[in-house]
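I am attaching a structure below and will ask some questions about it afterwards.
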Amino acid sequence: MWESALTIIKQLFQKPATNLFPAKYAPESTLDLLAKVAKQEVALNPPVTVPPHFRGKIAYDRQNCTGCQQCVRICPTKAIEFLPEERKVKIFISRCCFCAQCVDVCPVHTLAMTEEFLLSSYDKFADELVVTDSGELPGSVKRKAKSPEAEEASEDE
Amino acid sequence: MAVNNTEKTTYTIPVGPIHPALKEPIQLDLEIDGEQVVDVDIHLGQVHRSIEWLGMNRNNPVQSIYLAERICGICNVCHPFCLVLAVEQAADIVVPERAEYIRVIAAEMERIHSHILWAGVAAHEIGFDTVFYLTWRVREEIMDMIEYVFGNRITKAIYQFGGVRRDITEEQIPRLKQGLDYYKSIFEQLRRIFLEDETVKMRCRNVGILPYEDAMKLVTVGPTVRASGVPKDVRQDQAYSAYADLDIKAITPDVVTGTVVGDVYDRIIVRLLEVAQSIEIIEDCIKNMPEGPILTEPKMPRLLKLLTDAEGEGVGRVEAPRGEDIHYVRMEAGVSTLSTWKVRAPTYINLVAVPTILKGMQIADVPIAFASIDPCMSCTNRAIITDKATGKKSVVDYETMHRLSVQKTKELQR
Amino acid sequence: MEKLNPQGIVDSFKKALGGGFINGEVYEREVAVKKNRFRRIWIFVKREAFHEAVQHLCRIQEYPHLVIISSSDLGSDVELIYHFTIYYGNHLEEISVGIRITLDKKDLKIPTITDIIPGAIFTERETQEMMGVEVTDIPDGRRLFLEGDLPENIHPWRKDDKKLEKYLRVLPGRKPKGKE
Amino acid sequence: MNLLGDNVLLNAIVIIIGSGIVVVIGTIFGMLYRGIDRKLVAHMQGRVGPPIVQPFRDMQKLLMKESIIPRGAISWLFTAAPFLAIISTSVLLLYIPLFGQPSLLGSYGDVILVLYLLIVPSLAFVVGGFASSSPYATVGSQREMIIMMSYELPLAVVVLTIAWKISQVTTANPFLMNTIASYPIWNLVGPVGIAGVILMLLALVVVTIGEAAKVPFDIAEAETEIAGGLLVEYSGRNLLLFYLADVVKAFAMVALMVALFIPYNLSPYIGVQAAFPAGIIDALFFLVKVFVIMFFSVTLIRAGMARFKITQASAVYVIAMTAIALVGMLLIWIDSMI
């Protein structure tokens, strides 16, 4: 009994461990709060920081993609849809299971995992949940240079 | 209402299918007489998701790893570990030693977080919410370590046929060591809170006893059987992966109390000591982890081709936090999916022992006695059905099937 | 009975079962850096000698550890494997013993072993409902996982059982694919 | 306030309005103390916890929610029970001296009536539980009855001892709440008696948790065992009435503890004689006293212990607490001998 009694008294005066994201208490009306946040009158408490290799939302460098469909074939939840006419892909984040298998398998490294994890939305097919193009990726191998990996990957199929 | 013929009227009190204590989709029909539990009947199948069927029909083996990972929210290292071991035996893939060590580190980190999670839930079952919050706050440290090393708190996506997908680099090691030291420093306080608190002893001593004989006869596994004195532990008996190099000894309660009663209190002892054991195992693995590659076949197309041509069968047995977990896999040449995939989670077998544990208990003891086998229902249920239909012969498309089920629910409500 | 090596166990089975014993296989494998041995035995048995085989295994070790019954559909017949392990309890001593029986699809019956190992009740009930194998004089033959409203004659693990397609929910927004 | 003198009509009106005010203020402070209690327990557990006005938000939410009556329940009894609970706890407030002032009806009712009024809400809970025909509620009601009976014993022993001690000192009716408030027990006993009174205080602290139905003794509404026990079928307005009854009963019990053991007022010591400021100071001092008692008897123990089983709980009351109370009585009796 005394061990827990000691701990609770100590904790009474220590800072609580709860992370107060987004606000300390539930607001009277969430819409007003979000409106104020949009007008920068109120700042939300930041969420818990994520480590470097965190696997969050996918980023897709559309311009560099060769349309080899390896990612479409390997995706466990069939979250990547191939667009035959432009030979590009579209990724549905609502179905994605964040396993980063497509990132590993892509021969030209056009896919990468960002650190964004606030992905809630009312509509499965909303814009922020369907990744079509997220621009230049730091690590992606330029297609124009026809890197050796790309050739070796294509004759493997 | 199971009314039996004795003059004393007993009535059935349903615990489940969704019960605030169990938080798991299982239905226990307790037949009680006053406050005494006379008989228990178990109903399963409320959350069956046809994982085996998907593995046999839709997914290629690599995709099935991520399916296996989602069999259970807490123990999501043991299922892919089993599947990977089984398929490697079937397709005869050799795993590099460094990968073996990283796999064991992942498994032991999961055991620490799973046991501490269970300790918190057990404290909540007996109404000791302060300890519940304290334990889950202590658990945050291991979750941060897992997130730092594997990228995600829960779904670690580290297992691959023939090794692991990411390496534990040199600069990640200090963060791991710092976390382990934190656990060593706080372990003494946790032990005192759980094992020396009068109210915990009052609620856990001589509650939910599983005698040695019954534990052997009912083939229970994991901490539940070790608490009854049976030294059954797959890491010790049939050492797989890097466990063969480490000398693991199955933990039984007589290490601390000198006697074995086989009740909830003993299960707390076994699980707490296993957390300490896991800490040592991780340190050993980090110390003598050999250098070298982490994946025998990094090229995915070639790996898929190798798996499709594989022929044979394999049995993967792993000591999950809740007990022995086994996957039986059979592969046929030319078939891209696994032709047979049998998953047996530890709770599946421990459930058989639940009636023996619960008989004679008071209702107040049922949640803690049942939670003491650390049930994980999502592991145990894995079959088929997603929608109801009235068995019509013609092909039913999605809309009509939906209309049928809506119509059926209306009938039930009337 | 004192500890036997894997080959010794196979011979003792052959002696005990006589005609019912079809074949015995020993499988060994090195594990991890220190190359410790990992051993498994497959015993192929006829259905008539099956109950006797389990009793013989109980003579080798008083309470063998029954892991699971796995069943696979091989087209014309079904193969049941009873996964046991014996000599558990000390370091690297455990041997897993798999007793395998092939049953013809026309008469899928197997005697129960709950009289020897009461813990086998759940896995027998699951084999009964998933594969359609009828376990004779099983103490509690109710369905385990597929309670409720699934019709009785559906056995999900059967390869030839296409009644299941009807229950498949096709993903919204995607046309239903052909027969999977 | 002895208003019996002049005409009866005026007197009745004053009492009606007075009791209305006392009940409303008592409920508000009861809710505030429940909010403070939850906030303190949260911080003890390392959490931030809800704001102090959370009980008022719960009330608001429950008022909006629909009140469902289960098909198998005895509907009239099911809805009558919450009203019985709230009425008896409100009346309880009228008899207990609050905010340092003598209680509104102090001269009419005495301690025995207060003890009786403490039982009626528990009875209402039990009747509500049995009326809702759910197996969980039935088991919950059985437990509530057992707990109710077991903590009556130590409570009765303590109150009788205090009344007996006061009767030795004055000729006025020792059971009247006002006489108890005017003769603090601590000044009447010698050193040996002080030990007895401390023992009795300890027994009454444990009884307070039983009355407030908090963790070690909240077996009747054990959420993890019988899914909310008594109140499992209640929702909306009915649940709100039970919630208010529970809050007010806890507040009244702690106020009773203050009246029995710490009836002192601060104003004489500071020398503030004028009626109005003295009243304010006494009221504030009363609130501090209630907070201290609530912290040590309910909050601290609720955060530090696990829930007992029904057998253990009644054993604690019938055996342990009764023994402590009896030893306390013995000491006081011996003290009066010396």
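Observations on the structure shown:
By written order: A, B, C and D. Residues from 1 in each chain.
Just so it is clear, a contact is a pair of C-beta atoms (placed from the backbone, for glycine too) under 8 Å apart; a residue touches a chain by one contact, two chains touch by 3 or more.
What you see is a predicted model, and the numbers here were worked out from it, not measured in a lab.
Comparing chain C-alpha centroids with the centroid of the full set of protein C-alpha atoms picks out B as the closest. The centroid of the Cα atoms in subunit B and the matching centroid in subunit C are 21 Å apart. Distance from the subunit A centre to the subunit D centre is 54 Å, each centre being the mean of its Cα atoms.
We define each chain's centre as the mean of its Cα atoms; on that basis subunit A and subunit B are separated by 28 Å. Between subunit A and subunit C the centroid-to-centroid distance comes to 43 Å (mean Cα coordinates, whole Å).
Shared contact sites, meaning residues of subunit B that touch two or more other chains, fall at 128, 130-131, 134, 137, 197, 199.
Contact of a single residue of subunit D with at least two other chains is seen at positions 44-47, 303-305.
Here the touching chains pair up as A-B, A-D, B-C, B-D.
Those residues of subunit A lying in contact with subunit B across their complex are 1, 3-4, 7-8, 11, 17, 50-51, 53-55, 70, 74-77, 97-101, 104-105, 113, 153, 156-157. Note for the complex: subunit B touches subunit D at residues 11-14, 19-21, 32, 34-35, 123-131, 133-134, 137, 197, 199-200, 202-203, 362-367. By the touch rule above, subunit B contacts subunit C in their complex via residues 43-45, 48, 50, 52-53, 56-58, 89, 97, 100, 216-220, 230-232, 234, 236-245, 247-250, 290, 315, 317, 324, 326, 328, 330, 339-340, 342, 344, 348-349, 351-353, 381-389, 391, 395-398, 401.
By the touch rule above, subunit B contacts subunit A in their complex via residues 59, 62-67, 69-70, 128, 130-131, 134, 137, 140, 144, 147-148, 151-152, 155, 157, 165-166, 189, 192-193, 196-199, 299-302. If you check the complex, the residues on subunit D that touch subunit B are 41, 44-47, 135-136, 139, 142, 215-216, 218-219, 222-228, 303-312.
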